[in-house]
Each structure stands twice: as C-alpha cells, then as structure tokens.
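Note that chain A is present in both complexes that follow, paired respectively with chain B and with chain C.
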Partner chain A sequence: MPFVLFRCDEVIPEREKHCYVKSPGEDIVTYLPAANIATIPGTLTERGCAYCGAKLVIGGAIKDCIQMIHGPVGCAYNTWHTKRYLSDNNDFQLKHVCSTDMKESHIVFGGMDRLKKSIKEAFAAYPEIKRMIVYITCATALIGDDIDAIAREVEEELGDVDIFCVKCPGFAGVSQSKGHHEFNMEWMRDKVGECEPEIWSPYTVNIIGEYNIQGDGFIMENYMKRMGIQVIGHFTGNGSYDLLRGMHRAKLNVVICARSAGYIANELKRRYGIPRLDIDPWGFDYIAEGLRKIGTFFGIEDRAEKLIAEETAKWRPKLDWYKERLAGKKICIWTGGPRLWHWVKAFEDELGMRVVAMSCKFGHPDDFEKAISRGREGTIYIDDGNELEFFEVIEKVKPDIIYTGPRVGDLVKKLHIPYLDGHGEHNGPYMGFEGFVHMARDMYNAIYSKLWQLAKEDIRRKDNGR
Partner chain B sequence: MDDRVEELYSYIQSRCLWQFFPREWDRRANIEGILEKAIELLTEGECQVSETLLDRYFYVEAKALVIDVKSRFPWLNELNKAEKRAIMEEVKKKLMEVMVVKSLNPELRLSGY
Partner chain C sequence: MSLIVEQKDRSGVINPMYNCQPCGAQFVCIGVKDCIPLVHGGQGCCTFVRLLFAQHFKENFDIASSSLHEDAAVFGGVKRIEEGVEVLVRRHPSLRVIPIITTCSTETIGDDIEGTIGNIERNFLQKEYPEREVTIVPIHTPSYSGSHVKGYDTAMHALVSTLARKGQPNGKLNIITGWLNPGDVKEIKHILQEMGVKSIILMDTESFDAPIMPDRSGFAHGSTTVEDIADTANSLATIALCRYEGGTAAKFLEKKFGVPAVIGPTPIGIKNTDTFLRNISQLTGKEIPDSLVVERGRAIDAMVDLAHMFFADKQVAIYGDPDLVIGLAQFCLECELKPVLLLFGDDDKSYVKDPRLTELEREANFDIEVVWNADLWELERRIKDGSVDIDLIMGHSKGRYIAIDYDIPMVRVGFPTFDRAGLWRHPVVGYNGAIWLAETIANTLFEDMERKHDREWILNVW
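Right after this comes the complex of A and B.
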C-alpha cells in the first residue's frame, strides 16, 4: 500500500507523503515517509521550536551550569521544569533557569546591556556555579544581539567563569531537531578539547544521547562502573560542563539517542578517530547485546557477562510475570523520533505485544528507515502527526495502550485509552534490565487499571450511564 | 541460496544499527568493514584486528553479528567456507544496495553532519 491520506487531511493533501502503511513485500526502498521538512500550514503539529531542542533536550540536562535564556520570559518558562532529567547535583538544572525577560522597549533599543547585567546577576546569585549556557531566542536573534560578544566581555571581567553560547532561535529549523543539531555542532566546535579530564581507567567512554530521564543514566553509569569503565562525557544527562569539554579523551562513544546526539559522535569520530557504537538500551536482549559489545571492545567480556548474569537473574522472573499479562496487547508509540525503533522490537519480541502505529514529531528519514525495518506489516507510520490523524488511527487500530507525550496523552485519556508518558517515562527509569521491568509494570498498571471503567460512568445519571 | 541471503539480510536489517549511520560514507564504511570481518570470523574462526580504535569497533560489531546469526540460523554452521563466503558477499551486496545505492533518504548525501 502506498502512502495514505487520512479523512481529516483531505484539505491538506500534502500530509499524504508523511503517512504510510507497510504492506507485504514493501521495504524502505519502496516507500519512505517524508520527514524533517517544514510543517504544512493547517496541520496541528505537536513539534517544538528549534531553541527548545537545544535548551530543553540537551543543554538543560547539564547539572552544573546556569541556564540563561536571552529572550521574553515565556521562552524560559516553556522550557523549564518540564523534563524529568535528574542529577546528582541536587537537581540544580531542574530547579533553576534564568531569563533576561525582554520586553518591548528592550527589543526596540537592543538587549545586549540587559544580557550583560543578567549574566552578572546570575553568577552573583549562584556563586558556587562558574559555568553558564546562554541561548538566543527568536526576538533577540531578530534584533541581532551579539551574545558571543557579551559572553567574552563577562568572561574577561569576572575571570573565573566560562560561558557557552547557543545561537539557535526558535525559527532556525523545522522542529526541535534543529536545536539538537546546533547544540551538538557548537559544543564540538567551541568546547570539546578545552579540558583534560583526569583518567582513572584504561577503559573510557562517552555516553552520548542519554538524558538521565527518571534516572536512566544512573543505571547506565552503574553498569559502566561495575565493568570498571570510566564515563568521561555524559552527553548530557547528569552531565558535567567541564567533563563534556574533555570528550575527546574517550576511546569509545556509546550512542543511545542517535537523533539528538549522533552529530557529536560523528564529529568525534571524524576529528579524533573515536568510534561510534550505537546501542538499544531498552529490553533485556538489547541491553545485554550492548554491554557485550562494550565488553568486547575493551577485552573485558567476562565483566560484561557477569553483569548480565546478575541482572538477568534478578529481573527476569519479574519481567516474565508482566509478559504473560501483556502478550497480545496492541500498542502505539507516538514519541519524538528514536523511541519508535528503540522500543518496537523490544515490545514485540520480549513482551509479545503488537506495535500497531508509530509516529514521530521530529524524526529524520533515517529514523523511518529504522522504524520501518523493525516494524511489522500493517503498522501505520506517521511523521509529524496531527491530533485529528491520531483520532483516525485510534479508530482504525483500537490500541490497548499508547506511549506518547502529555499533549497527545491528555487527548487519548479523554477517549478512555490508557496513555503513558513516552518522554518522561512515567514511573521510570526505563533503561537497562531493571528499567524494562518498570516499563512493563507501567503498561500493566495502565492497561489493567479499574479507572478506565470508572471513568466511563456518568455520575449525573442514576444508572451511571451503564 | 536466494532465500538464505534474504533471511540473513532481513534479520540484519531489523537488528543492526550500524547500517543506518547518517551519511553515505559512514554506511559504506560500516557495511564493508563489519561484513569483511564477519566473513573472516565465519570462515576462519578469527580475524585480523589492527591497533586502531575504528578497526576494533568493526571487530566488535562483526563478532556480535556472527555469534547471533550462528545461533539463530543453524543452517549457517553446516555450510563450507566457500558457501558461507558466497552467502555473506550477497548479503553485503544487498545491504549496500538498499542502505546506500537505492536509499530514498535524501539526507544520506548531505556534505557534512
């Protein structure tokens, strides 16, 4: 079957090339949905802006620097406190954000003085923090504020601070993906190579594209520690500004989210010859494979096997209990991009579920190459899905559960379909052996919750609407 | 032989992330480098690994692939060296064709990352 045009899209037929149903005999050289192109006017996109991709996804997870948003306060507010990335620095990065709070008069007369004052105020307010990321936003980019010039002035005046400037306003790209890209490339260009980390192990890695959502990164760091491996740069969950400046010293880049952070791994390979090893850390089979590969790389396979055996013994019985109850359930994955292909086989092969629809907000063509290669025939694949399309998909595939974000999640809840937060990982962490059990538990609790029956009852009616 | 090539190719396509690297040159390098080593491992039981980190990476992926396909496709163990090589060369050709030559991914040919 070629691309499909949903009923709701009849007035925006351009949507057809973004929606695909895989038929027998088709593969990724037959059809590939259009992706990473501008949203069509008229469609209710779920995408975020490019600045949001840089701040909310990447920079905002770094635990030991001040986040300074140069723009109207809304840009800071919209990207503050909505991600569940934890840190061992008392979650400083979650709690605090600074804004230059640009108003109309500053837009008219320029905001550089205001930026300088705000940067100095922020360093004074957090005297123990000597690092900062400054982000430009739509308004301040349009008036041409030179954030780099101000940052260099302040660095010179204060002497002991370091400031990284991200020049990716909201309008710079078609989605948050552009912000991921810009942050990666600018960090590589401006910061990598500036610090020499203390090396305590012959086995050194960077963990790239892992944001410590609900503590995922703590699990990965724990695995590395148990294998005697030093994590230099954790890009960027629980990441440290200065250690991320020393990423060039690692021997291996372990890449998890290839979409948001593959760029820096590619550049580290190109410039420093550090290989990029992509792994899937969700699902027992996949995480075991990833750990084995890391073990083989350093010639410490025995340590990997010991870790895998310990973790499997501890968590397998629990996973099996949930598997029995989840087998055959139909699930939709409507998330950002990579979780489609990371999760689909783990759900199907390890839990016996059926992934019936996948949609991503900011995926690129290679995300669809992976998702379609891993996904089954008959499954619906959508790029930049809009909410009316989601309603039609639900009507067609009748899922038992949907992994998505809070925006779409609140819609599907009203249809009495259980939803789990695919970005914030509900009661995660979800990575690793332990994490996959949490994931199965969340799905079990959601699907079997009595709430869905109760929610259907209309308490205004005597017979409760039954 | 065609069926067996298809079986192996389909499995690799649904499993291995290295074939999906973002640019044409990465994909070519990975398919060449990893499958060359996998063929050596399958036919000789061992392979040459140079001192470079990148060569070591190819070896890591090849080793994982060989262990995996040997256990999933027991028929592979019954073939002689020449047959194993012939099948794997065909798999490589098919991967190169789908992932690079005929790929519909317009970003594959961008000049930078």
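Right after this comes the complex of A and C.
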C-alpha cells in the first residue's frame, strides 16, 4: 500500500490517507494524499486559521495601509512581528497593527460603533496613511457586525480614505488557505479596477503571490527593472494599496505562489483577459526558465538572456562550491504548501540533494500533484503533518537537515538535526540566482556546523558515545 | 510629588501591549508536567501562541487545538472537544491533565464545557481508560475579557481549584510565580533553598531551559506535577509573587483549605526581596541565612557603583504586565532612576488602585504618569510629540520599533523578549535579579553613549 499508517496514528486511522510513500511505477492518478480537509482535533496540527491566512500572509505585507483587526486584541497581537516581509516604505507594515480590542459589552451590544471610532482614531494617528484593511475575526463574525457598512460610512465622512474589508473569520475553512482565497476574491471584486496606474513601459506585469520575505520581491523587482518591465501590482510583498487596485492594467500576471494567490490571477484572466504565467523563482534553472518565458512573452528574449548570463556568471561559481558539499545530503521540506514543489527539483537537480520527506500545512490536492510528480520515489509525502508523525519520519528517513518553521525547528534541534526557516528564510533572500546561493550557503552552514558533532558526544564515555 | 492616573482616550488599540486571555492560560498550562492543553477555538488561537512562546524561548511547547470550523458556529463545538480529548488521550499515554481553554468564539457560541467534560469522563475515560487518571480542567478565558494577565490568573485558579486535595500537612510553602521567566523561577528556588524551605512552585518552568542531550532526550516541558498541585491544599502558606497573576488561586487556597495567602510584593529590587524573605521567614519559622545577606550586599554594591554616576535623573518609561511594571518602578526608585511613565495594557481598573502606586507617589521626588488600558501608541505618541522626555524604555519586544525609530536605549524585560538572545534565562527577581537589572540597564546606556559619542570617555575611568 502506498499510504502509510504511522504508529502514532494507529488510534486515528483516518490519518492514513494523508500520508503517502511514492513507490515505483505509481503516479498521481492512482494515489494522492487527502488534502485541504478538516484537521482532526487534538492532533497538534501545524495549521493556523483562515484569518491569519488573510491578514498575516497577504494583507499584512501591503506597505502603505493600516491593518485594523476587528476583534479581541489577541488576533492583532499574535499576527504582528511574526513575518519578515520588508518594504521600501520604512517597513510601516512591520511596525504597526490596530485592533478594535473588543470587550464583553461589545460582544453583547455589537462592536460597530467601536469599529468606527477605532478606524477614525487610526487614520488620525497616521495622517500620512489614507488606506486601510479591516478584518473580521471569529467573535465579530459570530455577532454579525457589518464591517462594510462602517467602512463606507467612514469613507464618506473622511472623504480621502479608502477601506478594504476582509470577511474571513478564523473558524472559516480548514486552514489559512481559506483566508488566502477570501482575500484574493474580495480584493478582485472590491478593489481591482479602481485605480489607473501611470504606465511607463510597454511591458507591464503583476507579480502575484510573492511576499517580499527578506527582500525576495526586491530581487524580482530588480530583474523586471533590468528587463525594462514595469511591475504594476506586487501582490502583496512591498505592495502598494493603490497600485494593487490597478492590477487590471498589466499585460501579464507572473504567478509565484499559486496556492495563496493563483485565484486572483485566474480572476484577472477571466475578467480582463490577462494571461497567467507561473514561475518557480528558486533555483538557477527555474529562475532562468521563468525569465526566459517572461522575455518571450514580451518579445524581449535578448534582455532576459543578458540578465541570465550576468547573474549566472556572478553566482554560478559560488553555487558550485556549495553543490560539491551538499550533494547526497538528505533533506525534509515541511512548510506551508507550494514550497514543496517549488524547491524539490531545485534541491535535487541543482544541488544533488535527496528530498526524503515533505509535509505541508495547507496544501490542496493540486499542490500534492506537483510535489509528488516532481519528487522522488520512496519519499514520504504528508498532508497536515503533526509532531508525533514528524518524530517517526525522522526515525525512518534520518535527514541531514529540515526546512520548516521555527517552532518545529526548536523541536528537531533536540534530535541533533539542524533546521532552517522555511517560511521566514534563515538568511535570505532566497529567490533568484543570489537567493539560491543563500539557500545553499544556509544549508551548508547548518549541516556542517561542528555543534551537531559535539551534541552527539557523551563525555561520560571514553569513546565519546560514538 | 504627584501621580497622575489616566486612561487611553481612544476606543481602539494601536500597537497592542497585551495579548488576550487564552494566551495567559496557555502559558500557565505549559508549566504543568504531562499536560497538553486543548484550546477550544480556531486553530490560530493556539498556533500563534505556540509561535510566540517559540519566539521567546526558542523551544517548542505542545498545545492542541479543537480546530473549530463553521459548522460549530451553527451547531456548537462540543463534539470537537470530545474528539480532541480522545485523540490526545489515545496518542499520549503519559498524559495526565488536559485543560480545555476557551476562546472568544466558543464562549460566544456558548458551548457547555463543564457538561462536555462530564460526558467525556463518563463515556470515554471511565469506559476505555479506567486505569488511567486523566483530569480535564475547564478554563474559561473569553478573549474579549481582560487580557493575558487575567487569563493567567484564571487558569491558575482553575487548575488549583480542580486539582487541590486536602491531605496531610506537608510543611511546604506554595509559591505562585505569576508570569515570570524560567530565570526568575530558578532564582526563587535558589532563595528557598538558601532559606532551607521546601516548596511547591506553580508553575516550575525552570525546565523550559531544555538541553540538547547526547541521547536526544532533552525537550522543553513544565515540571509542576499533578501531585504538586493537589498538595497545595496542605501547605503552610501560599505566596503569590504577582498580585494579578496568581493572586486569585492563592486566595482560593486560603478560603477553601485554610492555607494562609500572602499576595506580593513582586520581589523585584532590594526592598521587595527583603519583604519576600521576611515573609518566608515568618511563614516557615526559618531564619534568613548569612548567604542571602551576602547576596543582598552584592546587589546593593552593584547598584551603588552605577546609581549616582549613571542612573540619577534618567527618565524611564516602563510597560508590560502590571506586577512587573510596578516592581520595576520600585526598583528604579531604589537606584535613582526616575520612572516617569508607567503603562498598563488592559482595562482592569484595579491596577491604578494598587497600594504600591501610592507608595511610589510618596517616595518619588518627581511626577509619575500612569496610563491604564494603554497601548504602545500611548508611549510612541508621547515620545513623538515631546510630551515626555524618555532616557530609557523598559518593556517587552513588541515595543522595539519605538526604541529603534526614536533612538532611545531600551532594556528588554518580561515577555516576550524575542529580539534579544536568552533573556528569559536571567532573573529580574531576587538580589541576583537586581544585579542583572542594574548592570543590564547600565550596559545598555553605555552602548548608547558610545554609539552617540555622548561622553563615552567617562567609561575610561569610573
């Protein structure tokens, strides 16, 4: 059987359909792990909530608007200072978050007055900011607060502000993925088409599903600039609220994270006929391929080739140095969803590593289609993996390194396995040519750290426990 | 001089200083051994609190979620609790306590937690696991009431009131620490050992400082056992170090089991630590040993070295948990720093009636402004518009950008302190905490002097 029931899951056999080991001759038509279905309570899931998918992942990266969370204070507090998305706006989006700080009386009598006051106070506190995103949360959704109505009232009263409302409480859907979807569709419905951006190039794109983690997006913006391409909407890393309202003016949608933002690309295609081009920006081969496709689309292949040649000449020797040392190393990728399939072939083909286990928090079946198609036989593929399963996976595959989140990383370090931050990136940026060298460098530094050898030693024993 | 008390005059919060109740409850529960709390709400309510703990401690703590979804909003979420408990019990053979921590969503829906626990005990635990003793503890922490401070207090009370059992007198002293760091707990245990006092620490978080071991066995966990909590009913007395975080549990033990309760003071600074030692001595009959007099002397010596030359007249803003803020303000007065602005981050009116504030007012030769129901904007705005002149900020890492953007030296203290390495390993309580505080403040000011070329030559000889 290609599906595996871990020992820890013998008491919850429904987990079996989420855990798959690829065998020779199998394809995704025959077997695909169950994904994007509700978590079993009490399994120590790694998943977050739909609200966080909307706020923390997507809306929070937009650089020039106020984030107003309509709910108790924790929803704002806990989605603040947990991301590394930068901007060229003095990182306004990292520094500030607002909450209506709902109290019991507002739950009883409604929180709309409080929301209205809080919105006006926030605009008064940041007079230079005229844009805002209001998010509903579990409590305010349950009591039925109409955040749209309040937003329209304030827009009318203040005259020069624009407010986007996201109606995606934490309990919606099965994971943060629901929040990505809601934000995409609501932005498309409510905001795209409202602004007419100034166009300075015949070649215009939106970069979609790229969140400028540690400046990843700056690299992409730089590549576009060097090819003479204007980026209109950057959805949403270093994104500008008004430019994102002008996404309909781009000639091409370059999609990076298909999971969190493929929706808006599809809608832009449907409504405005803008073609969607998916690229993988991690790894030399992939980024070169992506740039070539963009160049071909606009008929500026020469510019793409020039850029690729310059970047390759600059970074290839460095990558080769690391490749020699990383070849054959076993790696796990336990991240959100798409990074499984974005990274697996880059690690395998370009660095000679072996990706031995992959787990995602909020991937859908199509993410597994891609991950399994690109991944090797014998590799373990898990949907919504949890701690006890991770322990068994580690025991089975004995990885040299794991790309995962900081908390799981804090767990696996006790097992003498180095982790790298697969969400926030250890020492990024990770995208593009230089980014892939950074990834290789981080992996090399972690795997070859002397500390892991020291950790294994037992000084009570003459042979040091080896 | 005067102590001006005011509250934020805005409705909303800009840059929150406090978290919501379930976070405080989760912090208490991870201090219990063989305990995995089940947070009854959306997945984010536990996933992001776990991340916050990991940011602060660089450790993983197990907290489960009931993974509430839309159907529960219509039909109620108790099925999710039942399933969650069953999965936890089945998968974790050593598990002994499962606190059910409610959130805003499940309190709004009105799920019957106590009734559900009864059902689980009858229909699942007694039938399928009659040989195991697993206690399920209801903890009601709607996120729209109070803050993590109240959540801590509520959870401590819930655990103690559910688990404490009258038995034989144990001759021990209960210490309810409040939301302190593992370094503080270590210091408290050190003091008790020097005093020769046996104790029950609620919660003993020293083991959050987990090693990487050759046999791969070191994982972060709490060390207070079910037996420890049960035995609190039989102790000599309870000292709650933080009035607002643990005080209710101490009073419960006094009322229900006749265990005398001493609430506070939070032993930050010399005088508060003196009072703590005297209280221990009085409650247990043990003498204060010479060794602690020596430690006290070292702390005073360290403070003397710094106070008049570097600390005098420096204006300090302090924010964070109420007992920590008050304790730090008292410490500041002891070493000539001026705590001119104190900020509390929720709407609990009792903070501003705290007798320790009256005492501060009496002792200070300057005006003190106290803002309750505050957010970090209350601090930033005052600095931005020049209404206060701040030489030093003391608070947790959520305020880091104020220090960075306005170029004001800052000492990270409390929780969370994710932008500095390992601070949680160091105490702020006890005489050793006073040394750490004084020297950390000094070194922070010194670095600022050097960077700004502000009389940095003083440091050549002092």
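We take it that the second predicted complex is superposed on the first by the 451 of 466 C-alpha atoms of A that agree within 3 Å, B and C clash if a C-alpha of one lies under 4 Å from a C-alpha of the other, contacts with A are read in each partner's own complex, and residues count from 1 in each chain.
Note that contacts are C-beta pairs under 8 Å (C-beta built on N, C-alpha and C of every residue); 3 or more make two chains touch, one makes a residue touch a chain.
Note that the structure is predicted; figures quoted are calculated from it, not measured.
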Touching A:D278 in the superposition: chain B (first), chain C (second), both, neither?
first
First (chain B), second (chain C), both or neither touched by A:A125:
second
Touch test for A:V11: chain B only (first), chain C only (second), both, or neither?
second
Which of chain B and chain C A:R245 touches, first, second, both or neither
neither
Could you look at A:L44 and tell me whether it touches chain B, chain C, both or neither (first, second, both, neither)?
second
Touched partner set for A:H423, first chain B, second chain C, both or neither:
neither
Touching A:V408 in the superposition: chain B (first), chain C (second), both, neither?
second
Touching A:P365 in the superposition: chain B (first), chain C (second), both, neither?
first
See if chain A has more residues touched by chain B or by chain C, and give me that chain.
C
Give the list of chain A residues in touch with chain B in this complex.
27-29, 31-32, 36, 185, 251-252, 258, 262-263, 266-267, 269-270, 273-280, 289, 292-293, 296-297, 345, 364-366, 369-370, 373-374
As the complex stands, chain C meets chain A at residues 10-16, 18-23, 36, 38, 41-45, 47-55, 57-60, 62-70, 72-73, 80-81, 83-88, 90-91, 103-105, 108-109, 142-145, 147-148, 210, 212-220, 347, 377, 381, 397-398, 401, 405, 418
For the chain B and chain A complex, residues of the former touching the latter:
13-15, 17-18, 20-23, 26, 52-54, 56-57, 59-61, 63-64, 68, 98-99, 102-108, 113
Chain A to chain C touching residues, read off their complex
8, 11-12, 38-52, 68, 71-82, 94-104, 106-107, 114, 117-119, 121-122, 125, 137-139, 141-143, 169-175, 387-388, 405-408, 410-411, 413-416, 455-458, 465
